[in-house]
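Chain naming follows the written order as A, B and C, and within any one chain the residues start at number 1.
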Amino acid sequence: MTKRQMYMKMLLSSLLRRRSRMTVALLAIAIGATVLLGMTTICYDIPRQMGREFRSYGANMVFVAAGGETMLSLSDVDRAAALLPRESLVGVTPYRYKTVRSNMQPYTLVGTRFEQVRKTSPWWKVSGAWPTTGTEILIGSDVAEFARLSPGRTIAISGTNAKGARFSREMTILGVVRTGGVEDDFLFMDLTALEELAGDAGRVELAEVSVAMNAAGLSALSALIQREVPTIAPRLVKRVTQSETSVLSRLQALVYLVTLVVLVLTMICVATTMMTVVMERRKEIGLKKALGAENRSIVAEFLGEGVCLGLGGGLLGVAFGWLFAQTISVNVFGRAISFNIYLVPATLAASIIVTGAACLIPIRSATEVEPALVLRGE
Amino acid sequence: MFGRMLRGALTRQKGKLLMVAFAMALGVSLATAMLNVMMDVGDKVNQELRTYGANLTVVPRGASLVNELYDLEDERAEAGASIPQKYLAEDDLPKMKMIFWAFNIVDFAPFLEMRATSAGRAVTLVGTWFDKHLDLPTGESVDTGMKRLKSWWDIGGEWARDDGRDAMIGKNLADRLGLKVGDVFPADRQNLTVKAIFESGGPEDDQAFVPLHLVQELSNRPGAVERVDVSALTTPENDLARRAAQDPNSLSRREWDTWYCTAYISAIAYQIEEVVADSRAKPVLQVAESEGAILRKTQLLMLLLTVLSLACAALAISNLVTAGVMERSAEIGLLKAIGATGAAVSLLILTEIVLTSLAGGAVGYFVGLGFAQIIGWTVFGSAIATKGLVIPLVAILVLIVTLLGSLPAIRMLLSLRPTEVLHGR
Amino acid sequence: MEKTTENILEIRDVSMIYGQVKALQNIDLTVRKGEWLAIMGPSGSGKTTMMNIIGCMDKPSSGSVILDGREISGMSSRALTEMRRDRIGLIFQQFHLISYLTALENVMVAQYYHSMIDEAEALQALERVGLKDRAKHLPHQLSGGEQQRVCIARALINYPRLILADEPTGNLDEANERIVLDLLRRLHAEGSTIIVVTHSPEVAEYAEKTIVLEHGRIARTTRNAD
């Protein structure tokens, strides 16, 4: 048997035959590693997750026509939308405005795509149902109140089309929309149906875009779109982007700081537990010194144990930490966490270092003690 | 004798018990900090979300909102003009700071628009308050206006004064008119000074903002206000609030009281309607709904983070207590050898540890308050409100953790045979 | 120098002072190779201090200690460790076995710190103390006597110049005491130098020479008739 084999044997014996103490140590390290991995994963993922939540504020970019034009072409909108990263694109909603009359009253009729509206403007409150066909219409709550209309009734609208000819159509009111904003004054119908009435297709006044991205990313995208699709002028909705940046940075700072406090306290806890476990073995250290062990070999033995415990606890911690982060992500945001694989070696390294360091402190003081004092003095 | 032994252990076993006390202080400080931050995070984030601006608009009852955002066709403008105009009274506005939820009304600003000509071109003048000082009948005073409400505006120059002949010009309009800061901006009969060119990223970029009284004079509508934007701190809506928003009269007396005395946006809107004559306060759902969502998410996030890190802390600390108790195996072996029963030993150890934990916990509580304040000041730039509820929560936590931590250790110690311990096994 | 008169240990005018307490005062002592010496004395007489100095676990406040021809009083703690490892076999009253290692491994630990690991030799050492069949047992599975025999095997494994036993039978019953003392006697017969610290006259009787310490001084020296 070589010395190396003996070293391994002593190490394994110490780990396996002192089960209750080692469990205590392993548990402490595993908890530390769990918190470390879980919290840093959340920290790392917070901007992405929270950024998604902030999309509830709606569009953060608006496409309008460049060069003084009032209308932009839908195919250009599609080309521009294709430039946006698929995974962060929430929705693109085109809006086409048309003035119509009903009962001699002028109204603004808006043609849009309802399935996109629900993505870019999630705050719309519709009592009744969303229209699905070309003869169904959604009316703003102020219009409903003003004209005493309600879902289920019909409304006759009329206007002039692109060629100057008059049109009129009987629409079924499917729902009343309330937003507290200008939408309360408008009528909404499907864009394709509106184009049919207006007699020209493929052109809209503006398109609202909601992208889960920070202000810097949006500016870069905006520049890209301006270059690739020069007919479109992308504008950032400052109110949304600026506020999001400021609130999100606060939230991030909050999570960072909380993580820091939790981490520091947990690491102290881990170190203290390790120190207690090692302190208990002063007698053993004394004996080994009496048997002629040099400080170096005692340190090597304890460090070996520390590294093994750190590795074992770290591995457990990685598994539980992932669960920790996943639980939070699924419960709070309803989405899986994006897991940064580099955090695994980082967590393992951190738990090994903390454990090793925590072992070394009491060993240093223990090896300074004369063996005789430890062996006889109780 | 029990007392004497206890006193002996507490005073002479300082090193070992200090470890337990230290562990408990760590855990309690973590718990205190997290719980306090968690309980206050709603208010703090709510405050931050005010950067999104107004979440309530107050308009005259019966009048439609004047469409400004998508005002793209001339025909529409004529249509708008054909609606008979109604106004709010400027004099009613200070009353908003005297409702039940006055403290939750953070800022507000009135608006009155008119068409004017400047050097032969049509411009939209918007009269408003920039940074208005109000003295309330209650003796308090308030500063409010656009300056606080539109925090996302990029201002080149300085804010206009409410009593001057100042104007703030939107970027697009300034480009069209070729105006710079300090230039004279002629509007109808008045010559105004351009105090600032601003960029809002919205339709305001095509407008000129001037003091409210100027528009009232120019358009001959003294004391009139078309619209008021209000920014209020609100509680996220729940079922009760949604029902109340539909029709406050459908609530039972008790529900109504609960609703009225909670800062739901519908309750605040209702109270504003009570004080401002002929008004209708509408929640701006884009802001109100989203802030509810964000608030709920943040609170849930903090709650889960708190619960999980408390669970971890509890485990880690009871673990440390276990380690601390195990260390004393020799002493316990001796006690058993001289005839102490298992129960007596357990009682002694438990009492010792509970007393130590309480001492450690008390220290930890104040350290934790410190941590909470550090977080509060660093992140939000304001103090975290200290909640009394945290104390009993923390006390329960200490008790559970102590028991959890000492029981396995005590069980292990009781199963030891005294000879084994004393003869070094 | 003749073999029979070779001194393994020479203590000249050694004193040990802890603060105000004079644990040892002006001790002179010589131990020849192959001698069996017993150090006796009541509690507090300086026995333990004496043992610590001889065992290279402590250095005297003044005086000189020459162990196996080398002066230890000026040595660094590292050199002391080396002396202890190479020249001294320690036997403790409380055995001090490492709880998580088997009997055989406990013996091998001493080899490990000394030089090479030789499992066969360690097993042989256990056989010499009659514990070959208990080699795979953990300390808590062994009786006190057996633990002390493991401790002796461990002390012997590196062929020390001096075996230093501190109350080797203090925790043992009579039967086990006899076994342990017979073992020591056999070692002595084989030529080992042994110093036993004890307060039991029965144990001291086995030695060739007994010194009695009182108040940190050698009160008397007796030669036991063999």
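Here is the rule we use: a residue touches a chain if its C-beta (ideal position, glycine included) is under 8 Å from a C-beta of that chain, and two chains touch if they have at least 3 such contacts.
Computed from a prediction, not measured in an experiment: that's the story for all the values here.
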In terms of CA centroids, furthest away from chain B sits chain C
Min distance from chain CA centroid to global CA centroid: chain A
Between chain A and chain C, the Cα-mean centres are separated in Å by 69
Expressed in whole Å, how far the mean CA point of chain A lies from that of chain B is 21
Rounded to the nearest Å, the gap between Cα centres of chain B and chain C is 74
Within chain B, the set of residues that touch 2 or more other chains is 424
Flagged in chain C as touching 2+ other chains are 94, 96, 99
Residue ranges of chain A touching at least 2 other chains are 283
Residue positions on chain B within touch of chain A in the complex are 19, 22-23, 26-27, 29-30, 33-34, 37, 41, 45, 48-49, 51-53, 56-57, 64-65, 67-70, 72-73, 75-76, 78-79, 82, 151-154, 199-202, 282-290, 293-294, 297-298, 300-302, 304-305, 308-309, 312-313, 315-317, 319-320, 322-324, 326-327, 330, 371, 374-375, 378-380, 412, 424
Chain B partner, complex, touching residues on chain A are 20-21, 24-25, 27-28, 31-32, 34-35, 38-39, 42, 50, 53-54, 56-58, 70, 95, 97, 99, 106-108, 110, 121-125, 142, 146, 178-182, 184-185, 205, 235-243, 246-247, 250-251, 253-255, 257-258, 261-262, 265-266, 268-270, 272-273, 276-277, 279-280, 283, 324, 327-328, 331-333, 378
As the complex stands, chain A meets chain C at residues 1-3, 5-7, 9-10, 13-14, 16-18, 283-284, 287-294, 297, 370-372, 375-376
Contacts from chain C onto chain A in the complex sit at residues 48, 51-52, 55, 57-58, 78, 81-82, 84-86, 90, 92, 94, 96, 98-102, 105, 108-114, 116-119, 138, 154, 166
